[in-house]
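We just call them A, B, C, D and E in the order they show up, numbering each chain from 1.
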Amino acid sequence: MNMNSTVSNSSVSIRDLSLNFGSVSVLKDLNLDINDGEFLVLLGSSGCGKSTLLNCIAGLLDASEGQIFIKGKNVTWEEPKDRGIGMVFQSYALYPQMTVEKNLSFGLRVAKVPQAEIDKRVARAAEILQIQPLLKRKPAELSGGQRQRVAIGRALVRDVDVFLFDEPLSNLDAKLRSELRVEIKRLHQSLQNTMIYVTHDQIEALTLADRIAIMKSGIIQQLDDPTTIYNRPRNLFVAGFIGSPSMNFLRGELVKSGDGIAFMANGVTFSLAGYDANEPLQPGRKVVLGVRPEHIKVNENAGGEEHDATVDIEEPMGADNLLWLKHAGHTMSVRVNGARRFNVGAKVKLSFDMALASLFDAESELRL
Amino acid sequence: MNMNSTVSNSSVSIRDLSLNFGSVSVLKDLNLDINDGEFLVLLGSSGCGKSTLLNCIAGLLDASEGQIFIKGKNVTWEEPKDRGIGMVFQSYALYPQMTVEKNLSFGLRVAKVPQAEIDKRVARAAEILQIQPLLKRKPAELSGGQRQRVAIGRALVRDVDVFLFDEPLSNLDAKLRSELRVEIKRLHQSLQNTMIYVTHDQIEALTLADRIAIMKSGIIQQLDDPTTIYNRPRNLFVAGFIGSPSMNFLRGELVKSGDGIAFMANGVTFSLAGYDANEPLQPGRKVVLGVRPEHIKVNENAGGEEHDATVDIEEPMGADNLLWLKHAGHTMSVRVNGARRFNVGAKVKLSFDMALASLFDAESELRL
Amino acid sequence: MTGQAQAGRPSKLLRNLNAKIASIPMILTALVIFVGGTLWTVFYSFTNSKLLPRLSFVGFDQYERLWAAPRWVTAIENLALYGILSLIFSLVIGFLLAALMDQKIRFENTFRTIFLYPFALSFIVTGLVWQWVLNPDFGIQSVVRSLGWTSFTFNPLYTPEIVIYGILIAALWQGTGLVMCLMLAGLRGIDEDIWKAARVDGIPMWKTYLLIVIPMMRPVFITTIVIIASGIVKVYDLVVAQTSGGPGIASEVPAKYVYDYMFQAQNLGQGFAASTMMLVTVAIIIVPWAYLEFGGGRKRG
Amino acid sequence: MANIGTLNTTAAGIDAVSGRLGDGPTGPKPRPALSPRNIMLYGTLTIAALYYLLPLYVMVVTSLKGMPEIRLGNIFSPPMEITFQPWVKAWAEACTGLNCDGLSRGFWNSVRITVPSVIISIAIASVNGYALANWRFKGSELFFSILIIGAFIPYQVMIYPIVIILREIGIYGTLTGLVIVHSIFGMPILTLLFRNYFVSLPEELFKAARVDGAGFWQIFLKIMLPMSLPIFVVAMILQVTGIWNDFLFGVVFTRPDTYPMTVQLNNIVNSVQGVKEYNVNMAATILTGLVPLIVYFVSGRLFVRGIAAGAVKG
Amino acid sequence: TDLEVTHWWTSGGESAAVAELAKAFDATGNHWVDGAIAGSGGTARPIMISRITGGDPMGATQFNHGRQAEELVQAGLMRDLTDVATAEKWKDIIRPSSLLDSCTIDGKIYCAPVNIHSWQWLWLSNAAFKKAGVEVPKNWDEFVAAAPALEKAGIIPLAVGGQPWQAAGAFDVLMVAIAGKDTFNKVFKDKDAEAAAGPEIAKVFKAADDARRMSKGSNVQDWNQATNLVITGKAGGQIMGDWAQGEFALAGQKAGTDYTCLPGLGVNEIISTGGDAFYFPLLKDEEKSKAQAVLAKTLLDPKTQVAFNLKKGSLPVRGDVDLAAANDCMKKGLDILAKGNVIQGTDQLLSADSQKQKEDLFSEFFANPSMTPEDAQKRFAEIISSAD
């Protein structure tokens, strides 16, 4: 394959990257192309190798095999500082003994940038991030959100091509997290830099990403834009990983029903009318049906078939109300409007929106 | 006041409790009655004194003043083990060198409970929590969720009247957190014990609680059931604290409009038709109008007045889509269905559901 | 994979060059002094070098003579006894003091300073002071006798059977403060919730210490044992200052045997053989530990 | 930590509260200052403290007595007549052979030996620890393991090879040689301390600095050093006391005109002129221990903190 | 020129004696830099040797002449003094000649002997015996017989310090006194293990057993502290070399009236001719080498010899000096020397290694009452059989 042509039109390209810690293989033959100006989120559960991949891109870890290109240049063996990257860490990693200003300018001073230029850049970053009043403080005198802003500023002043974020918001509380999320989004909209963002919070991934790469044990499971990931997960893992509460899975098989195909689980059949399959569905195949909690209607006749269920637990969450229902031997979660309340034990009718459901092969776990 | 009558019908009663660390007063004259079998959540931001209160109830901290009753008995001076309480900690606090079984039974063995009884209780707790296969493992060999289950089991085997939870789920990831949340809810439904649960996660509070006590700097701001807290916050703090994203606040004043009263901010008036005020509204009063993001409709004519706005940022979150809109000099968040997508910069029409809005006095910050 | 793309790979040796340069003193020390010196010593222990090292090999003669020497056997016995007792007592006393100090007491700083100050003093000073305090004609014995209990006998330094305990008293005085500090640091590192959980479970304090906290402090104990043990093997100054190995050879220790035979007896071969034996003993204790602690693929942090 | 009782709760506070709420206990649980628990606690601590203080007391008291009084017996009795003569003698007059200037000469020698030795050994060990924690290379752990095992090797084993090495380099008997020897033998424990400490610092700080373009030395000097005060204090204390108190190397690797204080002390104590002058010996002993003692008294608190940061994390 | 001289003469009498040497050397326009190392030869020798082998030699250093410096000489680290010796005719003046023989290796002279020390003395406190109400003994047997009386009076009969060489030395003395010169030579010179295991030596061990019993309670380390016990009348006597005399002198005591000395324990009037000598490491510095020669000459200067030995309590190495000032005991020694009743010291006969093993044995024997004389003799014979 011709490497150079593939590489040229993307900001960061990773080719056949493998990384082992001793005998443990953490990244396996990974390929990834990130477009210029793209916001790519690496999403995966703890220990799947997200940080490892990010550290490889940053040059903080040496790849065991493979190559990394940034802006078309092979940087596999470059020092971190020569890669044109800036990095923001979960623990902020501010230099505790330096003021905010010193923190911001440290990289520039190391690179012997003239003082005037340093001042200009620090001032600009401080303005963008609205941390001008904090410049003389030490990190210990800042709140978590302010610290994270300074950490971002440190990457900002260095005028880098690629921003790398390693779970930058995990240490903040929920409220601050959602505020800073918006700020990062806004920052990306105004800077239009390439950003690679590691998180295990799917809300962050869904809201921020142009594309999401979902990882599991060092392998990218799906790389797509958030809507596709959410609505058309490529396999069972992605389907279950994204969405809170999880997609409801029903194990069963395909059966003939009239002139079409239906799904049957625990003796109950579900019409598959409206499902957009990738391949012709064969009766007898063992499959898993996945339906998101918000794609089930309760006591609202949507025109399709209806199923009986019993309310097991109700979890009011303010805007929404999450119901855990017992239905044909499964427990199923359903999201309804927060204003609608049910009693535990109440009998309800469900109808499924099959157009938004997913079907997976029970063996290969791939989407049908 | 007659203490005994007040105390007798509640499971835990706290009377005029104050607690100081040196000169710092952490709890201030706190009164709280928790009913038998109730699930009470203490909610508040970090450092507001939630853990301190819980430790007082547990007997791990001595009150500086005031009394604590459990099941009608004054336990202010009792040792923790004699209070009939069990406690579950954020860090699990499992004894690392003991197997799960030993962890569960240690308290009983020390109390010289007969072996047969110990075995019975451990078996029952293990069954309830579904940790039978783990009994022979050490805590280090368990996942976070399993550890937390064992920690709950430790309280369970002791057959206590009151369960105290101190942020039991904070160390778990989002997925596990929502799973265990359901489990705790189920546990409560089956045991019907009194449970006091500290958290700073409002979702946990809203979904689990029979009643929520919202704390700020050692003072309970509002004690009510989740729906009331969510829909009718007693003051500005509670309104802003509960709900994610936060309630939208507009500062303005009450004005006469036709024969009724309207709200005006930045020159834009909002009809207050449908608002259920606690007291007659006087024009000219400085107030804050609070509207939750899901109580604003976008491009859907709800019959009321409409306001023009521009989409600033869109945050798709799967099931929902969060819009940040610019409207009359405010930024406003609005939650719409995840399937509805908007372009940044798009002009939209908003309509407000005033029946679910809140009005606060700008000075006292209390609900009108 | 195109060859051109792979070309940038720099030589392995040059990567991390600064770190390697900075580690040169360490590498030299490790290789030249510790490994080289040790091998040199082991090598010459098979010669009959006298005042100066020379290459005339005598096989295991030096070792045979060593193990036939009553003084060496006594020294080894002393070391074993002293080592075991001082390990046990320092850990027990150090831990007890730390546990007491950890009870939110008043004057914590004062007590800690008192327990720790002997550690600032050299073994020479320690030995001299305790020689003085234990001196039968001036010290404790004479004071108690002068109070009327004339048959009181406490003369460890001049009684061969118990002289090692006299040294132990001084060693504990000098060293337990540091052990206490280490233990205290360890105790302070225990999750507070563990204490709370134990209280809620109704576990008495001593049981909490014994069954929960001490097992949790394993790393601290290991560090402490390493520090104490490395001191025990080397014990020399204290004995020299306090008893000079006396009375007779009752308080001899291996390190002193090595020194005496290397320098006083001008029999390097014998001294080298003795130090090799010490090394073997140390290796038997240390190598498994070092492997567990530092080898075995342990993760960072 | 277990909150078992706060001592400062007083009975008075309890009375005031119970007056208001008539029924049953209220406020903090009364814990008398003289509870059996406190008696046990403070009793044990006090007895232990006495054991630790006794020798110091004996040293001071003896050093202030005249010889006749000492010969009378009781080493614990306070001096009837305080004399500073032993101190004067120990400091400036005691003889070894023909040199009768007491410890004073040794003191300055000790200073001249200790200061550079402490600085250089800490400098080397801290860089080692830093390299081991943050810049591992192939074999670095092996060297470190050797170093740690080296901590157990009796010094006597090493003396002879070191004498030969120093002789071959030609710095035997010089201050440089002694400084090197101290640096070598201080290296294992100090490196362990520093390594553990640097490992305990957040790795992300180091990564951030690398991304910022700082190199090996810049990160060490500008990022790591300013954060390492506690461990430097520990290292400093350990080395000051260790080197100041060293006898063996001082005696083997110096010459009489550069003898450190401990050697001088040993000479004075062992140069018995007639009877042993215990009072002079004790005064000399205290004088010799004074520098490390002061270091401890001044920075003991930091020592414990540093120990917690560096030593305990295996 | 400054010349550093190391030695282990730090007790009161010793340092007074050293001062005489320094004075004499300074008078030649050079400067004696004193490098005293306290704590006896056992502490000092290793330091001296490591400095010489380490390439940082001093200008001159004391050793017991004999075999202590043998290897240093063989390694070429020591300066050849033959030229000085020839010029000063040491061969003629030094007496007994065995002293110079000990300095001679391969026909070259490497050291300057400064004194003769003899071990074979029993020092007795007249006051102690008076207090106990017994006559001052005239020989070892009487001394042993008087022991119970001394003990009854609360006096330690025999003071023995804790340092190992003291016990070993005392045994050697007993051997000469009880077994005689021939046996002594058989054992130490010929290393005859059979003799060492024989009945003669068994008698010596019996005597040593007595000495051990009599020494109970002397809780001191240093030899001069033990001497001090005799001086102050706390102990009845001490077996110690003639250097002890320096301590008596310093305490202002007079031989005959305050204390009594019995050479050869009053049994066999034979003395050994060990002693101290100065060795001169090979130096690169021309100036210093010259100064070394001056020092060597000065050490054997008659005036220096007298002044030094009077203070030190030892005998001069040259027979041609006037010792009018010598006291009672010293004169006794000179007499014996004149009669030729001399033997070589064990330092000259045995290697340091064998000496050390011997010290270990006797130090244990004296401290451990449960060790029978028979066991000790067996071990003694083993040491002799492997001695060199």
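The rule is simple: a residue touches a chain if its C-beta (ideal position, glycine included) is under 8 Å from a C-beta of that chain, and two chains touch if they have at least 3 such contacts.
Note that the structure is a prediction, hence the values are computed from the model and not measured.
K.L.:
Under the document's definition of touching, what chains do chain D and chain E have as common neighbours?
P.N.:
C
K.L.:
Quick one: how many steps at least from chain B to chain E, stepping chain to touching chain?
P.N.:
The fewest touching-chain steps linking chain B to chain E number 2.
K.L.:
On a C-alpha centroid basis, what's the spacing between chain B and chain C, in Å?
P.N.:
Inter-chain centre distance comes to 55 Å.
K.L.:
Can you compute the centre-to-centre distance for chain A and chain D, using the mean CA position of each chain? Integer Å is fine.
P.N.:
Averaging C-alpha atoms per chain gives centres 53 Å apart.
K.L.:
Taking each chain's centre as the mean position of its Cα atoms, how many Å separate chain C from chain E?
P.N.:
38
K.L.:
Roughly how far is chain C from chain D, centre to centre by C-alpha average, rounded to an integer in Å?
P.N.:
Going by mean C-alpha positions, chain C sits 16 Å from chain D.
K.L.:
At least two partner chains per residue is the criterion; list those residues in chain C.
P.N.:
Expected reply: 15, 135, 199, 259, 262.
K.L.:
Touching at least two other chains at once: which residues of chain E meet that condition?
P.N.:
Expected reply: 46, 50, 53.
K.L.:
How about chain A: which of its residues touch chain B in the complex?
P.N.:
Chain A residues touching chain B: 45-46, 173-175, 178, 181-182, 185-186, 189, 200-203, 206-207, 226-227, 230, 242-246, 292-294, 313, 315-319, 322, 324, 335, 338, 341, 344.
K.L.:
Could you pull out which chain E residues touch chain C in their complex?
P.N.:
My answer: residues 42, 45-46, 49-50, 53, 68, 70-72, 75, 162-164, 219, 221, 351-353, 355-357, 360, 363-368, 379, 386.
K.L.:
In the complex, go through chain D and note every residue touching chain C.
P.N.:
For chain D paired with chain C, touching residues are 1-7, 41-42, 44-45, 48-49, 51-56, 58-59, 62, 70, 73-76, 124, 127-128, 130-132, 135-138, 140-141, 143-162, 165, 183-184, 187, 189, 191, 199-200, 203, 215-217, 241, 244-248, 262, 265-266, 269, 278, 281-282, 285, 288-289, 292-293, 295-297, 300-301, 303-304, 307-308, 311-314.
K.L.:
Flag every residue of chain D that touches chain E in the complex, lowest number first.
P.N.:
95-99, 159, 163-164, 166-167, 170, 172-174, 251-253, 255-257, 266-276
K.L.:
Applying the document's contact rule, which stretches of chain C touch chain E when the two form their complex?
P.N.:
For this pair, the touching residues of chain C are 50-52, 65, 69-71, 135-137, 155, 157-158, 160, 243-250, 259-267, 270.
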